[in-house]
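Below you will find the structure I want to go over with you.
In this document, chain identifiers A, B, C and D correspond to the written order of the chains, with residue numbering beginning at 1 in each.
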Amino acid sequence: METLKSLFYILIFPGLLFSICFGLILSGIDRKMVARMQRRIGPPIMQPFYDILKLAGKENLIPRVAAKKTFILAPLIGLISVITISLFIPFYGIYFFSGQFGDIIVILYLLTIPAVALIIGGAASGSPYASIGISREMVTMLSYEVPLVIIVLAVGAKAGIAISGNVTFSLKVIEDYQKLYGVNLANLATLPAALAFLFVIPAEVGTVPFDVAEAETEICEGPLVEYSGFYLGIYKLTQAVKMFIMGNLFVSLFLGGINFGNTILNVLFNILLIILVIVVSVSFVRSVVGRIRIEQTLKFFWTIPTVLAVISLILAYI
Amino acid sequence: MNYVSSLPIIAIITPFIGAFLIGAISSNKKLLPAMKGIAIVSSLVSLVSLLFLTKPILLEGKVATYWLGNWMPQEQMAIGIGLEVDSFGLFTGLIITFSSFLSSIYSVTYMKEDNALDKYYTLFLLLLGSMIGFVLTGDLFNMYVMLEIMTFAAISLTAFRNNIYKSLEAGFKYIVIGSLGSTLILLGTVLIYAQTATLNMAQISALIHNNYTPVTILALAFMMAGYGVKAFLVPCHTWPPDAHMSAPSSVSMLLSGVMSKTGIYGFVRLLYMIFFSVGMAKMELLIILWGTLTMIVGASMAIIQTDFKRLLAFSSVSQIGYIIVAFGVGLSSKSSIGVLGTLGGLYHMINHASFKCLLFMCAGAVLHATGTTDITKLGGLSKKMPYTTILFLIAAFSISGLPPFNGFVSKWMIYQATYEAGYAPVTIIALIVSVFTLAYMMKLAQSVFFGELPKKLEEVKEVPLTMSITMGVFALACLVEGLFPKIISKYLLEPAAYSIYNLHNYIDVMFTKGFAEKMFKNKIPIPNMTYEMAGYWRPEAWFVLFIVILIGFIIGVGISLNFVKKNNIDTTCNFGDKYGVFTGGEKEEFAPIAGGDLFWGLRHNLKGYFGFLEKAHSGVVNDYVTWVISCTAVLSIYLFAVL
Amino acid sequence: MLINYIGAFIVMILGLYIMMSKKNLIKIVIGMSLVDSGLNLLLVSVGFRPGGTAPIFITDLKPGAFFVDPVPQALTLTSIVIGACVSALALSLIIKIQEKYGTIDADKVRRLRG
Amino acid sequence: MKKFLAWFSLSILLAFSVYVSFVMAALPSTYNGISNIIVKNTIERTGAINAVTAIVFDFRGYDTLGESFVLFTAVSGSAVILRNYKKNSVTPLEKDLKNSQKNKSNLEIIKEIDKKRDSIIERDSIIVSTANLVLPISLSLGAYVILHGHLSPGGGFQGGVLIAGAVAIVFLAYGMDRVSKVFNAERIKVYESVGALSFLLLGTLGVVYGYNFFKNVIYNQGKPGMLYSSGTIFWMNFAVGYKVLAGIGFLLITMIGTLNAEEKE
């Protein structure tokens, strides 16, 4: 029974099937919202599904100079590891694998795997555009990792000191803290961190202001330049799932601890919140701002979000 | 117990005997295979004799002593030289012998082309023997002697390929800075002798336990600076990049992966044993700051390098920073945090040995196959050397701490330890340096193994079997250490950490029972080796999870794709424009982005910072000496002010 | 033995000064030897007792004579040999550097930098 | 900046070391530590009357072993550094070996050398006659020092260096050609290993007799103060002396060899 339950978690909810479907839906909602904000009708919400299916049916081209096995395996590894993260983040009150998982540092590191997979895949294609894309992807990572790390530590310090007198990395403890003291978003100490996190989400997902690594107009989608067909589809899928993961992470860190006493209601509310977060942090920003240059990305992340996160960290200790 | 107690001396002496045997038969060039055999067998013998020691020492927690010349202590004074093997020494010794054994196998093919191989193996065995001797001895002056053998052997091996200008320059810088470090260590030893009139470490630690006089404080400053040189702590880190890039790779893996551990060993013995400074917040702060500085400078310098091995050497500097930070936290007065820090440091020691040896072996494989380590001239080797590429990627992921590889576990312990000890900025810096590590490793991967293959490298072949097998062993070690942290922690790290804190037993075994208590007047509490992780991480479970999802995904995709279209991957067809890389109209051979250009933008944006660092590593020996001396001066000011 | 200690330390610091400021590689090696000599002087002085004789049990030992500390002397022997070895290795390296670089100026022997 | 750093750190170190010197001068003599017991034990348990040699070869013999290893390492290292690097080729040392292995009687060699000396180089007669005088003295003094290591100041290292000085004297007086004729560098290197090995084996005697490594097992042979006394210390002096004279001699020959090469260029 335990095995079946675990298999259900892994394969159906919130693992493989759910995260892929919900990620794609999120991406559809995002596209629809942006379109409405720009006074367009926009594609149907199910459009990402059609895109992926179309890509899956297309021919796969592998360049002559590419390292074939790495080129093929990199996107798969990225997607799978991003799906595993979904099992590490609790839904409202539901801890998969009885709360054993849920360490923020683990999640931070697992979140780098898809980026690394993108980099390795791009490198394996042997294209000069991919090389430039890799460099930019790496620098983007360097930029947003700084505030992200501080945010996570600030929240961990705030919750851990209140609960057990010692800092914590556990999402469960953070959720417990929010149950007792109210959500973190409403907390003055962690509010700056939440704002900073909203800035980090678009960079982590790779959408417009910070998507210079995959800029179509300048470097032909960077690392993805040689990808086609099914494997390009996997990358798109990874991006969509990442959107879900980041939204859920935000909800657990800053909006957790709300309990209606009913599991299904909880899950639905959680899903609603995720959609809201993504709309606020991705769609709004995307439709308002243009793409910024790589050194602007670096400068931006090392100033405003970092300062916000540091303020939060200091407040957490006071 | 008798055979156990003579095992340490066998482990030390066998490599030396092997070295002299090689020297004695060196005039006959036909005996070269015999020399290789002697080298491999002697390193194997010392590995095996240390493995025999694991049962009584690591598992049962005993401490083996061996008084050379039967000069047992008389009237509570150690008149002879005693070897003392506790779990920590054995732990370091196992790292040393294991890596050296594999390196000796690796060098058989790697060094095939060079001349004067008899001297190579002689020096190799001298290096090995002195490293083991350094780790297992219980005498302060003997440590210095072993350190000198080690330094000289390392210098000679650095300058082994003396047809290249850089190896000579590196050798000279190494001998100036390295012997300056040794001199500082000897100076500290002399001052300690003047104070305590003995040279036995256990007795010294009993005599100057928390009894700081000006003499011992100055000695501490000198010895810290000296071991800082040996363990590449900033600003005494200027020789390893030169030395590691010019030495043959089979040696630079030992210099970088293993010899740095002896420096850390000395550091830990100094701080935890001779000067028992556990619980001193000021000392803790100093060590943590020093480690953090090392971390940052190493990573920043690594990201702007264009030579494979030089980059790896700077990365070593940065990783040593992690270890030192962890041992700094280990000095914390709160025992649970301290234990976590020490365990993290020990774990990172063993991890660093595995992945850094593997990385240097990969660099050696590239050098062996192509003849250069300049990453601007390399590229696309993954098609020609697929096996090396996979191993390199494993090592790169390990060092940058991607789960489920080994670097992640130890770094995680270090983050938690620093954070719980209240050094949040250090944790943040450590996390960011980890991303920097990933960045320069990706730079290497892109510019050496991926990207476009230059025309000159069309003929490159995969390395021979003996080299790839030894590399594979290290890769396996990386995986095992990453997947089973609980087992590693229980059987290797916890005994070692326990013995670091168990000063009483160390002294009592050397002298008589109760000697330590008499000297200390109060018993030092030994912290419990239990620690609580703030979160939870079961790598093997994650691995299973990953596999399950992978299978599920493949099945699901397979079913759904059958509905759409039969998906065929056309890999046989290799010609035609369709399969060329998109270069925007440029010819392919003019298009590639070289490794040096990869982080050009970052370097340009932060040119003030990187420019300062580059200018500081000026390459002039005098400047490097100035740095070491100023480091000593600053240390002595701090220690005199604090203690 | 105050004057010996201070003298030894001053010799060492002079050696360090030479290592820091002189650009000729051979002079740097001389500085290293000077530091070693100062160290040996310190080591021997540590074991000295005013009025002591050499620690050899000769038959015509005066009544009431006492020995100086023999241990530092033994250590000094080791230290001297090691110092000589340092010089030998460093000078061999300088010979080869002169061959390859054509100079032994520290400002010019700096192709490994940055 | 660098100047400032240098002066700053040197003055700091000077200040602290002078301060520490004052403190050290007030410390009690170190003789009351381990040395006191060592001196007490010297005659009965080692058989040597020179306490320093007893320490060097018995109490802290392991250090001396390490010290001779340092010398061995440095000599091998110098040989490695000064060799001509070639991939799979003969070293200059091997060429020397081949030259010396030509079948010639000693008399012929000496005659040839004399001819060469007369024809090519005009040596300063003062140096030559002084060398002729000093060479035997230095050799016998070296042998004396090695032999009496356990009785009087000196020992294997000092005596070995004295004997190895012969190479330098021969070079000064007769030039490089004579040195390469008289001394076979490669074989000397082998002798060094043999010396080190015999030192190690003497140390291993302790294990053979059932004691620990480096135990002076035959210390009670002979009367203290006589020439043959003090057990293994006597023999270790020999081994170390042999090793050092071979090692330093080899070092000198290699270094002189490079000088010669430069002259030719």
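To be clear about the criterion, a contact is a pair of C-beta atoms (placed from the backbone, for glycine too) under 8 Å apart; a residue touches a chain by one contact, two chains touch by 3 or more.
Bear in mind that the values here come from a model prediction, so they are computed numbers and not experimental data.
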Chains shared as neighbours by subunit A and subunit B?
none
Which one of the chains is farthest from subunit C, going by Cα centres?
A
How big is the gap, in whole Å, between where the Cα atoms of subunit C centre and where those of subunit D centre?
17
Geometric centre distance via CA averages, subunit D-subunit A, whole Å:
69
Per the C-alpha means, the centres of subunit B and subunit C lie apart by a whole-Å value of 31
If you average the Cα atoms of subunit B and of subunit D to get two centres, how far apart are those centres in Å?
34
So subunit D residues touching two or more other chains come to 6, 10, 13, 17, 20, 24, 30-31, 34-35, 38, 60, 63, 66-67, 70, 73-74, 77-78, 81
Name the residues of subunit C that each touch 2 or more other chains.
12, 16, 20-21, 46, 71-72, 75, 78, 82, 85-86, 89, 93, 96
Name the touching chain pairs, would you?
A-B, B-C, B-D, C-D
Could you pull out which subunit C residues touch subunit B in their complex?
12, 16, 19-23, 25, 28, 32, 35-36, 39, 42-43, 46, 71-72, 75, 78-79, 82, 85-86, 89-90, 93-94, 96-97, 100-101, 106-107, 109-114
Mind pulling up the subunit A residues that touch subunit B in the complex?
7, 10-11, 15-17, 53, 56-57, 59-70, 72, 76, 79-81, 83-84, 87, 97, 100-106, 108-110, 112-113, 116, 119-120, 123-129, 131-132, 134-136, 138-139, 141-142, 145-146, 149-150, 153, 156-157, 160, 166-171, 220, 225-226, 229-230, 294-295, 298-299, 313, 317
Residues of subunit D touching subunit C in the complex
6, 10, 13-14, 17-18, 20-22, 24-25, 29-31, 34-35, 38-39, 42-43, 49-52, 54-56, 60, 63-64, 66-67, 70-71, 73-75, 77-78, 81-82, 151-153, 155, 157, 224-225, 251, 254-255, 258
Any idea which subunit B residues touch subunit D in the complex?
6, 9, 13, 16-17, 19-24, 26-27, 29, 66-71, 74-75, 77-81, 113-116, 119-120, 122-123, 126, 129-130, 133, 139, 141-142, 145-146, 148-149, 152-153, 155-157, 159-163, 168, 171, 191, 193-199, 213-215, 218, 623, 626-627, 629-630, 632-634, 636-637, 640
Seen from subunit B, its contact residues with subunit C in the complex are 141, 145, 148, 152, 155-156, 159, 162, 165-166, 168-173, 175-176, 179-180, 182-183, 186-187, 190, 193-194, 199, 241-242, 245-246, 304-305, 614, 617-622, 625-626, 629
